[in-house]
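Presented sequentially are two complexes of chain A, the first with chain B as partner and the second with chain C.
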Partner chain A sequence: MSINANWLAAPVIIPLLFAASSLLVATRVNLRQMRVQRNLALIASVLNLGVALLLLHSTVIQDQRMVLHAGLWQAPFGITLVADALSAIMLTLTAVLMVTIVLYAIGTLDQREGLNFHPLLLFLLMGVNGAFLAGDLFNLYVFFEVLLMASFVLLSLGGRPAQVNGGMRYVVLNLLASTVFLTTAGVVYGTLGTLNLAHLAVRMEVAPLTLRIIVAGMLLIAYGSKAGLFPLFFWLPASYHTPHPAVTAIFGGLLTKVGIYALFRIFTLLFPDLLLEWQPLLLGIAALTMLAGVFGAMAVNTIRRVLSFHIISQVGYMVMGLGLASTGNELAIGFGLAAGIFYIMHHMIVKTALLMAGGAAELTMGTGQLKEGYLGGLVKRFPLLAAIFFLAAFSLAGLPPSSGFVSKLGLLQAALDSQQWMIAAVSLLVSALTLMSMVRLWQKGFAGKQHKAALPTPRRPIYGFTIAPIMILVVISLGMGIFSDTFIQWSQVAAGQLIDRAGYIQAVAPTDLIAPVGMEH
Partner chain B sequence: MIALVFAVLVAVLMGSATYLLLQRNPVRMVIGLGLFTHAVNLLVFSTSVSHRGQPPIVVDKAAFNGDISQFVDPLPQALILTAIVISFGIVAFLIALLHRRNSLEAVESCTDRVDDPFAMESTTALEAVEEDYEWLEDVVLKRELRKPKGKRK
Partner chain C sequence: MPEIYLSLLDRILTPVLLMLAVIFLLAGHNAPGGGFIAGLVVATAFLMQILARGDQFVRRLIGTYLQPAMGVGLLIALFSALTGIGNYGVFFQGIWWKISLGDFVLEFGSPTTFDIGVFLVVSAFVTSYLLELSRPAERAAK
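Moving on to the complex of A and B:
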């Protein structure tokens, strides 16, 4: 079965339609309207999951690419949407996370944050989906901005002092990164005369080396700061712990990974040679990101702050996958990339589950403070929540048989195969430190006795809707560990398609009618 | 020549934007961001090669031979239009956030009231704790720190 390429527009259009209509439906602000919005969001996210699975089937299982030329405009002139295996995998994971987050929000949102939470979530989904499908640099920028706009508002929903302060930093640093991105787009268009990625891949080959280095460096800065890479990650721990736990969970699962996706896409398609030349740089950034994240996690003392620092250290592992993509022989290239992609899959699921569980604990006990015994005794009070948190933390730390073990093993093997001893050692060290940090979370946060109470009585987590989505994610994570063959095969297909640049260019088939402007004088 | 003018303009705008961004005052930071986005818009505009001078409209279709070297490239203007809308929206949101921040400074003084050991037992304070755990957590901690060392657990 092969589906029509027009389906590619659906992951963008479905959330947009439902978000707009749920804004229209909710004319007044009350609980009943909130329920209408939530139901619309639930329908939209399930529909989106269906479409994503269709795309997954026809790109990953059948190993092909799908291209939509909007309005039948020839490639470099119109808007092109491209779905290959990596896009489809990312779309599917996003869709799964969206369904679970809507369920989780039923159990945890109160009226203060519930106002227009769901339409904003759908706008976020639209931006993320669009970024995964975009076939040209400018649309990538636009969809980045769509998802950032939605995330700005989601982050400050509720308007508390901490949120406003964190939100300021988040907005300013992300706007700066976007501006760098736009500058790069301007430079690229001014010199190479095109923005279409496939067309750029053709023209970038004959472009002077200086230009390639400038463009690649600026894109690395732009995407790197969105992904939270080493010197540019400060906005993340400053803001991620401030909003409602549902918002933190979806941010932690999705946003930095869009930056990572863009890095994977751009570097494999436009700069395969730089991938080799810049290997020390990429691996160095990866190592420093891992270390900075894990050491930061040791220095902070609330559940969600610890977990947001771990996002950074995990992003380092993904960049490690990208860095290992450039080793000599053809086989190892695919293996490093595939390990990186598998790591992204594992991370999106597990991180969201952990942030959801940690957020539920914070909401229930009224504080996320790990010191002074505010949180102890969760194991006895809410054993199911504690058990799920334990399993997710287990997976994040990379113990068998979870998905974390398989993905870290894959990366380690890729590093050893290409004889990158330093990065292998760092990844092992960070893995051990992550385990230590998870043990600390468990001991201070869940086990032990409660000495002090922030709330007079702990609020009961509303079990069905708070726990069920976390359970779904943990089960998926365990499944990815136990039936890892299938998922590794998927990521190998995705990596294979990333390496096959000629296939991508051929699928989009840009016509090369007009000479680049910059070349004429 | 025009290219040089554009380059100097972009450089001046970016330079002043960077200077403003490095200030502590958040209002200046917002103005700096606005300037920065304008600088980039100008940079994108400069790629449309306006020295060619002709609007990209074919008046006499029969005489047109496919030579487009006299036409200005219209695409960068479309790109800028999108970019202007986006940056305008974000700067507007940033200003709203700034306004919220300023109005919250009044609230900050309310936290002092909760911080008062005598006011803590009142019902309003407890409700506030329940509604606003993250923010009040700092307050609770601060109160703990103020106690003499022996009393801390």
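Moving on to the complex of A and C:
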């Protein structure tokens, strides 16, 4: 069964449709309208999950690509949407996270904070989905901007000074990265005469080396900054701990991964040779990102700050997968890429679960401080929350049988196989340090005695709606560890499609009518 | 802070701006113009009103309709894009209807309705932005 290509537009249409509808009801602040918005968001996220699973089935299981030329304008002239296995995997993970975050918001968001949270969440979903489907550089840029704007408003929702402060840093540094991205798109269009990715893949092969290096370098800076790579990650720890925990959780799960996705897509499609030539650079960045993240996590003292720094160190592992993409001795070429993709799958699920659990603890206790005399005793007070946090932290640290263990093992195998001893050693070290950091969170935040004197009374109870989504994510993570062969197979299909550039170009089939400036042939 | 000379100017300029907006909106497919530009022109007309009669007046007049207008505009644009899917077509494919009115033929298509949606979103968004900006300015003037 192959489905109509029009379905590719659905992950963009559905959030937009429901966000626009909820603008119609949101004229005044009251509980009933917020409830309508929330229900619309819930329906939208469930529909979106259905479509994502449909796309997952027809790309990953059937191992093929889907292309939609909007308005029948052939590439490179029209808007092209492309879904391959990697896009579909990312869409599905995003859809799962969206459903859980809407549920989590029911349990944690109060009425005033909730105004317009749901429409913004849907706009964010539209931007993220669009970025995963974009078949050309300019639309990738546009969807990056959509998600940036939605996320900026989400960050400052509530308008406390700390939020505005963090939000400003977030938006300024991200706009800088976007400017670099847009400039690169201009350079590419001015020299190669096209922005369509498949068309670029053809023309990049005959482009001068200087141009290739400039474009690849600038895109590495732009996407690297969005992904939170060393040394461009400063916006992340400055802003992620300030908004409502539901916002932090969805940002931590989604946003940096869009940058990582763009890096995976661009490097495998446009610069497959640089993947080998720049291997020391990519692996160096990966190692420094891991170390900077994990050391940063040890230096800070609130739950969500610690977890934010761990996002950075985990992103390093994904870049490690990209760095190992085109090498292999015993293992097939592309095994590193597959391990990286598996790592993304594992990370998006587990990180969101951890941030949700940490956020719930913070909301209930009124503080996220890890210093003596603040948190503590959560094991006795909320055993279920503590147990879930324990399982998620367990998975992040990479202990068997969780998904973290399998994904780290895959990357380590790829590193040892290509004889990259440095990155193998760093990844092991960072793993151990992550475990230490998780133990610290556990001891300071959850175990130990309850500090009655210093503790404000619990702000609000923990509802079932707070716990249920975290449980869903933890169960998915455990499932990914126990039935790992299915998920590894999926990531291998995705990696195989990424490496098969000819297949991508053939699927999009750009017409080559207009010769680029200075390259007439 | 209503100004007398501005309210005189506004009586002349506002109809001109609104007519220009209609021309831009309908001309957009074959000539320069389109929903985005028409939306900006209409927002300029509202800016004239804000300057001439004060933001309170404009807010009372259209304030509650702005956010629904954005929603309606988005929905119109979305459904125009979706009409392309009917008849085994493709998302965003243009559908044109020809209506003959005696001597001349009116061409009306889904790109036109898409532009009308864009027009609504842009005019409502820019107007609400201008209204928010004029709030502190009004306070400072007092």
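Methods note: the second predicted complex is superposed on the first by the 504 of 521 C-alpha atoms of A that agree within 3 Å, B and C clash if a C-alpha of one lies under 4 Å from a C-alpha of the other, contacts with A are read in each partner's own complex, and residues count from 1 in each chain.
To be clear about the criterion, contacts are C-beta pairs under 8 Å (C-beta built on N, C-alpha and C of every residue); 3 or more make two chains touch, one makes a residue touch a chain.
All figures in this text were calculated on a predicted structure; none of them were measured in a lab.
Chain B and chain C, once both complexes are superposed via chain A, fit side by side.
Once the two complexes are laid over each other on the shared chain, residue contacts for A:Val128 go to neither chain B nor chain C. In the superposition on chain A, A:Ala20 makes contact with chain C only, while chain B stays out of contact range. Contacts of A:Leu200 after superposition on the shared chain: neither chain B nor chain C is touched.
By the touch criterion stated above, A:Ala338 is placed in contact with neither chain B nor chain C.
Looking at the shared chain after the overlay, A:Val493 reaches neither chain B nor chain C. In the superposed model, A:His241 lies in contact with chain B only, and not with chain C. Once the two complexes are laid over each other on the shared chain, residue contacts for A:Ala415 go to neither chain B nor chain C. In the superposition on chain A, the chain among chain B and chain C reaching more residues of chain A is B.
With the two structures overlaid on their shared chain A, chain B and chain C come no closer than 9 Å at the level of C-alpha atoms. Overlaid on A, the two complexes show chain B and chain C touching no common residue of chain A. Across the complex, chain A is touched by residues 21, 26, 29, 33, 36-37, 40, 43-44, 46-47, 49, 68-69, 73, 75-76, 79, 82-83, 86-87, 89-90, 93-94, 97-98, 100-101, 104, 107-108, 126, 129-135, 137, 140-141, 144, 152-153 of chain B. Partner chain A is touched in their complex by these residues of chain C: 64, 67-68, 70-72, 74-75, 78, 81-82, 84-85, 89-94. Within the complex formed with chain B, the chain A residues making contact are 112, 138, 141-142, 145, 148-149, 152-153, 156, 159-162, 164-165, 167-168, 171-172, 175-176, 178-179, 182-183, 185-187, 189-190, 241-242, 302, 362-363, 366-369, 372-373, 451-452, 454-456, 459, 514, 517, 520. Every residue of chain A that touches chain C in the complex is listed here, in rising order: 5-6, 8-9, 13, 16-17, 19-24, 26-27, 68-72, 79.
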